[in-house]
Amino acid sequence: MATLHTVNRSPFQDQALLSCLRHVKKGDSVLLFEDGVYGAMSGTALSDTVAELGADVSVYALDADVAARGIDSARLLEGVALVDYAGFVDLAANTERTQNWL
Amino acid sequence: MATLHTVNRSPFQDQALLSCLRHVKKGDSVLLFEDGVYGAMSGTALSDTVAELGADVSVYALDADVAARGIDSARLLEGVALVDYAGFVDLAANTERTQNWL
Amino acid sequence: MKFGIVVNEGPYTHQASDSAYNFVKAALAKGHEVSRVFFYHDGVNVGTRLTIPPQDDRQIQEQWSALAKEHELDLVICIAAAQRRGLLDENEAKRQGKDADNIAEGFRISGLGQLIEMGIEADRTITFGD
Amino acid sequence: MKFGIVVNEGPYTHQASDSAYNFVKAALAKGHEVSRVFFYHDGVNVGTRLTIPPQDDRQIQEQWSALAKEHELDLVICIAAAQRRGLLDENEAKRQGKDADNIAEGFRISGLGQLIEMGIEADRTITFGD
Amino acid sequence: MSDDEVKKFLYVNRKAPYGTIYAQESLEVVLIGAAFDQDVAMAFLDDGVFQLTKGQDTKGTGLKNFSPTYRALGDYEVTKLYVEQESLDERGLTLDDLQDIQYEDEDDDYAEKPSIIVVSRDQMASLMAEQDVILSF
Amino acid sequence: MSDDEVKKFLYVNRKAPYGTIYAQESLEVVLIGAAFDQDVAMAFLDDGVFQLTKGQDTKGTGLKNFSPTYRALGDYEVTKLYVEQESLDERGLTLDDLQDIQYEDEDDDYAEKPSIIVVSRDQMASLMAEQDVILSF
């Protein structure tokens, strides 16, 4: 019964990621892509909040968008898994619905 | 030598207003318009921050945008002055430069 | 599995149409069906044939047209959103007395009902926007 | 006083072009000069003549064309931004081998240099975007 | 799910009206969608709650005032408008600041009933987790 | 100000690259503007600091990688790239995470000098307050 949530805006500019994380259910998946991948970085002013609010969900980041922005995978928050577009498709297929936080 | 700063995004969604207020100089003017007018409301989770960071500047809100959004003028933060488009023009003319926080 | 895709932002300005394109390609490569791609809000601007992007950049509209041809994709541009933004096909141009049209090959203009229908028929509906 | 205006977002989707229009009207009414309105990013989409907005809504492109005519405003659409987004005038359409053009009366397409020139010549430069 | 079954559609509104067109074009989808006999609800959270405020007057901006359309939703059998309490609180709003939106309950002798249902953030999250299709604006 | 005088232009970059086009089209303005012999500087604050990061590789997205252009700015005599320290800090970035952007100082025997100048938020505010024209992206 899980949901795939997607977030594509930078959490430093926009509230979408925080609002998403405040509405997830245990066992949901959250995919960060486009500028949303900045939310997956460790060592930022938002890292602790993201880690805390995202504790009960699986957090993914789209590899192509992480690479485009020059984020080294060693800089990602612990527990964040990289996926490619095929993995994005799998996440959407394997959850019951997708909610896009625009 | 003062600057007119304009902010047109909702501060509940976007960081533009806070970033603007952290870069103003004493004596500057800040005009809130479009969805930016929500930043002029009292009694919100952001009101105290806006009032504090905006203490040294003159804050204005565009009347047409305030009315469009159904905000009663009694609900505006203390010290916020309403201006019309002509007043917006005057603010731009009477300051030395305009900086638009997009 | 049957995916329905919504694209809500215009080409180049937002990454939404690129992400949607990459998602659709990946879904098709995995053997999934993409029942429709519905372009709404500024997304309708993806479907103009009048763009001339820099030669060293991707050609967003041509990518979609080619993908539609290869996989018989149904690329639908919302008529109400298109009228506000100046996207027209030949019939609509005639009907509205406009002297030009600009829709690209492989796209068709239709109503919002196509979005709802897609949501009903698809197993998953995914929106790319901003 | 001489104002230079930049419009960075497309019509209807964002309020930017409406706010710019209201500002320009107010500036002209006060006797100021508006040396140029420069349309950049998605702002170029304001200048298409192919829109058919709902009849009970404002006609953004026609408002600008009328204001330009009345006050001899210089409405400039950035060519680089326009090419990405599918805005063309007749000459550019011919030159690029496109079979249609869509620019509206009162707008002209020119280079980014016109933006810098406007910034140099105007007393105040104001950007409407999002 | 068979084609005959009714799907649960949720229209999620998280943006303020007028600054951008999303709220207005979201309403257009909802009105068209009403013809499809699905199980429809709307969610208003974050800046989306601003869409429902009373007294919107767009004359000075030149924009079209689409706020009366929310009161017409009941005629289209769109009768469940979920509004998040926390989003109201953060914006200093109460139910009194929102339009009075009613529908006639045909199962209850056409009694007028409120369409707006204020829910907590947790309830909103649960509502979202029950849907078949979520369209976000 | 007479027409012959040089104006101070500041290009303000507050948005991340790739998700939206503002960063890229801002660069196009700066490159064209360089021909006009004005006093030009660029400011990077908030998410704008992400524009300058090293190692951007857009192949997987299909987007055009425009980050090498920042290193070419010196050739256009755009040599002042002000980066806000607080914006870096909030994003967990240091100067080492940014591209090494240099220019040749023709007044100093073409010595290579760094174009990036890290400034505090207060200094950024003061810089903004000195400008004639501010273009924001």
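Letters A, B, C, D, E and F name the chains as they come in the text, with residue numbers starting at 1 for each one.
The rule is short, and it goes like this: a residue touches a chain if its C-beta (ideal position, glycine included) is under 8 Å from a C-beta of that chain, and two chains touch if they have at least 3 such contacts.
This one's a predicted model, so the numbers in the text were calculated from it and none came from an experiment.
A.B. asks: Would you mind naming the chains that touch chain D and likewise touch chain F?
C.D. replies: Chains in contact with chain D as well as chain F: B, C.
A.B. asks: Based on the averaged CA atom positions, which chain is farthest from chain F?
C.D. replies: E
A.B. asks: Compare the CA centroid of chain C with every other chain's and tell me the farthest one.
C.D. replies: Farthest chain from chain C, going by C-alpha centroids: B.
A.B. asks: When contacts are scored as defined above, which chain pair ends up with more C-beta pairs, B-D or B-E?
C.D. replies: So, comparing the two chain pairs, more contacts are at B-E.
A.B. asks: Hey, how far is the Cα centre of chain C from the one of chain F, in Å?
C.D. replies: Roughly 35 Å separates the two chain centres.
A.B. asks: Quick check: how many Å separate the C-alpha centres of chain E and chain F?
C.D. replies: 43
A.B. asks: Centroid of chain A to centroid of chain B, CA atoms only: how many Å?
C.D. replies: One centre to the other, that is 33 Å.
A.B. asks: Centre to centre, by mean C-alpha position, how many angstrom separate chain C and chain E?
C.D. replies: Here the centre of chain E sits 27 Å away from the centre of chain C.
A.B. asks: Could you say which residues in chain F touch two or more other chains, in rising order?
C.D. replies: As it turns out, chain F has residues touching two or more other chains at 14, 18-22, 46, 61, 63, 133-134, 136.
A.B. asks: Can you tell me which residues of chain C touch two or more of the remaining chains?
C.D. replies: Correct list: 12-13, 15, 19, 22, 41, 54, 84, 125, 127, 129-130.
A.B. asks: Could you say which residues in chain B touch two or more other chains, in rising order?
C.D. replies: Touching at least two other chains: 8-9, 12-13, 15, 34-35, 64, 84, 97-98, 100, 102.
A.B. asks: Okay, what are all the chain pairs that touch?
C.D. replies: A-B, A-C, A-E, A-F, B-D, B-E, B-F, C-D, C-E, C-F, D-E, D-F
A.B. asks: Going by the contact rule set out above, which residues of chain C touch chain D in the complex?
C.D. replies: Chain C residues touching chain D: 10-13, 41-42, 45, 48-54, 61, 83-88, 93, 96, 98, 100-102.
A.B. asks: Chain E touches which residues of chain A in the complex?
C.D. replies: Interface residues on the chain A side: 1, 3, 15-16, 19, 22-25, 28, 97-102.
A.B. asks: For chain E, which residues are in contact with chain D within the complex?
C.D. replies: For chain E paired with chain D, touching residues are 18-21, 61-64.
A.B. asks: Over in the complex, which chain C residues touch chain E? Could you list them?
C.D. replies: These residues of chain C touch chain E: 6, 40-41, 80-81, 84, 111-113, 115-117, 119-121, 125, 127, 129.
A.B. asks: Touching chain B in the complex: which residues of chain F?
C.D. replies: Within the complex, chain F touches chain B at residues 12, 14, 22, 45-46, 121, 124-126, 128-129, 131-134, 136-137.
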